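When the chains are written out, they are named A, B, C and D in that same order, and each has its own residue count from 1.
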Amino acid sequence: MVAEDEQTQLDVNETRETGRLEAFSDGVFAIAITLLILEIDVPLHSEHLARDLLHEWPSFLAYALSFLVILVMWVNHHAVFRLIGRINRPFMMLNGLLLMVITFINYPTAVLADYLTSSHADTALQFYNGTFLIMAILFNALWRYASRDARFFVADADPDTVAAINRAFRFGPLMYGISFLLAFISVPLGLATNIGLAIYYAIYSL
Amino acid sequence: MVAEDEQTQLDVNETRETGRLEAFSDGVFAIAITLLILEIDVPLHSEHLARDLLHEWPSFLAYALSFLVILVMWVNHHAVFRLIGRINRPFMMLNGLLLMVITFINYPTAVLADYLTSSHADTALQFYNGTFLIMAILFNALWRYASRDARFFVADADPDTVAAINRAFRFGPLMYGISFLLAFISVPLGLATNIGLAIYYAIYSL
Amino acid sequence: MVAEDEQTQLDVNETRETGRLEAFSDGVFAIAITLLILEIDVPLHSEHLARDLLHEWPSFLAYALSFLVILVMWVNHHAVFRLIGRINRPFMMLNGLLLMVITFINYPTAVLADYLTSSHADTALQFYNGTFLIMAILFNALWRYASRDARFFVADADPDTVAAINRAFRFGPLMYGISFLLAFISVPLGLATNIGLAIYYAIYSL
Amino acid sequence: MVAEDEQTQLDVNETRETGRLEAFSDGVFAIAITLLILEIDVPLHSEHLARDLLHEWPSFLAYALSFLVILVMWVNHHAVFRLIGRINRPFMMLNGLLLMVITFINYPTAVLADYLTSSHADTALQFYNGTFLIMAILFNALWRYASRDARFFVADADPDTVAAINRAFRFGPLMYGISFLLAFISVPLGLATNIGLAIYYAIYSL
């Protein structure tokens, strides 16, 4: 359908290819979000099960937070891909790096869950929010790469949508940067910012 | 194809988008249902393997029960999405919360498997059935949100199907509410209700 | 597109629905086959890593065997679904039970890997082959249910394909029944039958 | 659409079937790449969490390396399938063997992560690179089988693309063969080659 352009034949540049990459990405998002639950440990030989389950609250909180963040990232990823009609190799690799970080979130989530009530809560939260900061920066890089001169956009990409994503994406790394810094100052404040951001993005954001 | 309506551009509102959300949800359902098996432990250094495998019956029972519940939920989710032609951001987030609970089922399943033959079986079953109750309530909320004034329905949504789902969904939280309460009164009775409900829903329900 | 027939509206009976069920099943097959690797343990603090990795051969063998079995089952499942144009609720539930057993294979695989070189190898192999026997019986039930009077077939279902599947499926439970029985007589013989069956099916079978 | 040819009916040979096999393969790739994160352990009861997380660097390195390798393999797999219009049973089984190795990568990745800083680093790296060598050979076999006489190609398969894949695929097993041999000579050199290859392939390769 789409005419071959002057790129090399191995460049992946058609709508069908974009759909394929999005489907693969969707699969990684779906798996990453579902694997989070495996990191919550069942209390062993508990004598007070109800109490011990309540004591797992950092695991439940970290689970819910990371689930929301990955869910919002999936929604945003999807919004970006609605505008994209062609891709190339660097775009695929930037997207791959983003997926690597999305998948990686599982690990700092488990670290945060295990250490949130310890004296190392600050380190755990810095690790957790540092991961989100890298994620936000990579997502920005992907967007900037794709939107420069609108070169990868579909013909009917809506300018208002593009402007809205531009605004939202400037905001993201800043917010995650702030919550990363807050993790060095105060764990409760940093965590509260995380919760606030997750809920805000779930409701309002792109 | 579908004309843009007066919603903001970032609202996700076309048939293609609905299909995408359903595919993502299907992925999460498929992964959540498959991960259940990872929670069954292999007996370590067993001297009587056959006997020790039989002693894992609470794990097998919890596995089969949760598998059936998630399977039925997938079928129902699918039946609802057949009627849906457009979605918006709150619908996506309600659906995300539902997926969070579906994924979470893995954990109370593992808790129930580990504690069903202990003196804490009641707590484990309350946790298990409490999760199902929240799941049923969220699914109801999703349905009510989507079906109010039939606003998200496809043009040819069948009124009989809508009525049937309305009847079935009123029944769901009530049944899971009862099995949740029974877990406080009698573990065998509560568990029997779980088994009965799972089989009933597998055979008859929406 | 497809005209509604006289079944109740909640019956799932169109081509689109069949495709959806197949996609969900494909997802479960893909996840089940990929999770197998998680059951192989990394040797802890090994002093002779090469030797200890070689000692994991029962895990590698069980992994390869189960991978092949699930792969062949996926191919067969797919061949059956190529003939199917409509489904109903009992068919969906039979298919769900089959998926439950496919997913369950992970567990007897881990048991076989852990006990193949122990004095309980016979029990482990009986458990392993018993699972395959149940799988083969369920797959037969699914096929018989769908093919009775060709009621769920697409209009252009090829009679030769149907006959070939009929022949192959009569063979399956018999073969798995024999390998199940052999596990009671001789572990090496039973295991050799498993390997032979897996390779035979991979090359020739439906 | 495509006319049935003279192969047996059970041969799978249409475009729809190719798409189905590719979707299944994509699912396995997506799951295999996402499961990698589960192999990184959270430090237990750490007294110096930041230091202990830094000590996990072999896990992070092995994670990133394997993620990149699987990602590039997915891109390549995809490039090959773009040319393929028909498949048969042996092709499906070769593809299945390739997927088995892709899934297996998880295990040598975990072994490398656990033993990279031990005196058994050489064995771990040989195991890791040996797996990649087998993967490269299997992928070559799949390509040769499919491209012989262009028999499985779509009608409009681009000769330049075919030539480019031919060149790239001759290169792959050679490179992985060299990095496998280097693991016997020097772990740092072997590992550096791995990193270089992963980055090279991510940027340039097919």
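Going forward, contacts are C-beta pairs under 8 Å (C-beta built on N, C-alpha and C of every residue); 3 or more make two chains touch, one makes a residue touch a chain.
All of these numbers come straight from a predicted model, not from anything done at the bench.
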item: Rotational angle, Cα trace of chain B fitted to chain C, multiple of 5°; value: 90
item: Copies chain D and chain A - interface residue numbers shared by over half, same or different; value: different
item: Distance between chain centroids, defined by C-alpha means - chain C, chain D (Å); value: 25
item: Centre-to-centre distance between chain D and chain B (centres being mean Cα positions), rounded to whole Å; value: 35
item: Residues within chain B bordering two or more other chains; value: 23, 27, 31, 35, 38
item: Chain A residues within the chain D interface of the complex; value: 8-10, 12, 20, 23-24, 27-28, 31-32, 35, 38-39, 89-90, 92-93, 96, 99-100, 103-104, 106-107, 110-111, 114-115, 118, 120, 123-124, 127
item: Chain B contact footprint on chain A (complex, rising order); value: 23, 26-27, 29-31, 33-38, 40, 42-43, 46, 49-50, 53, 63-64, 67-68, 71, 74-75, 78-79, 158, 160-161, 164, 202-203, 206
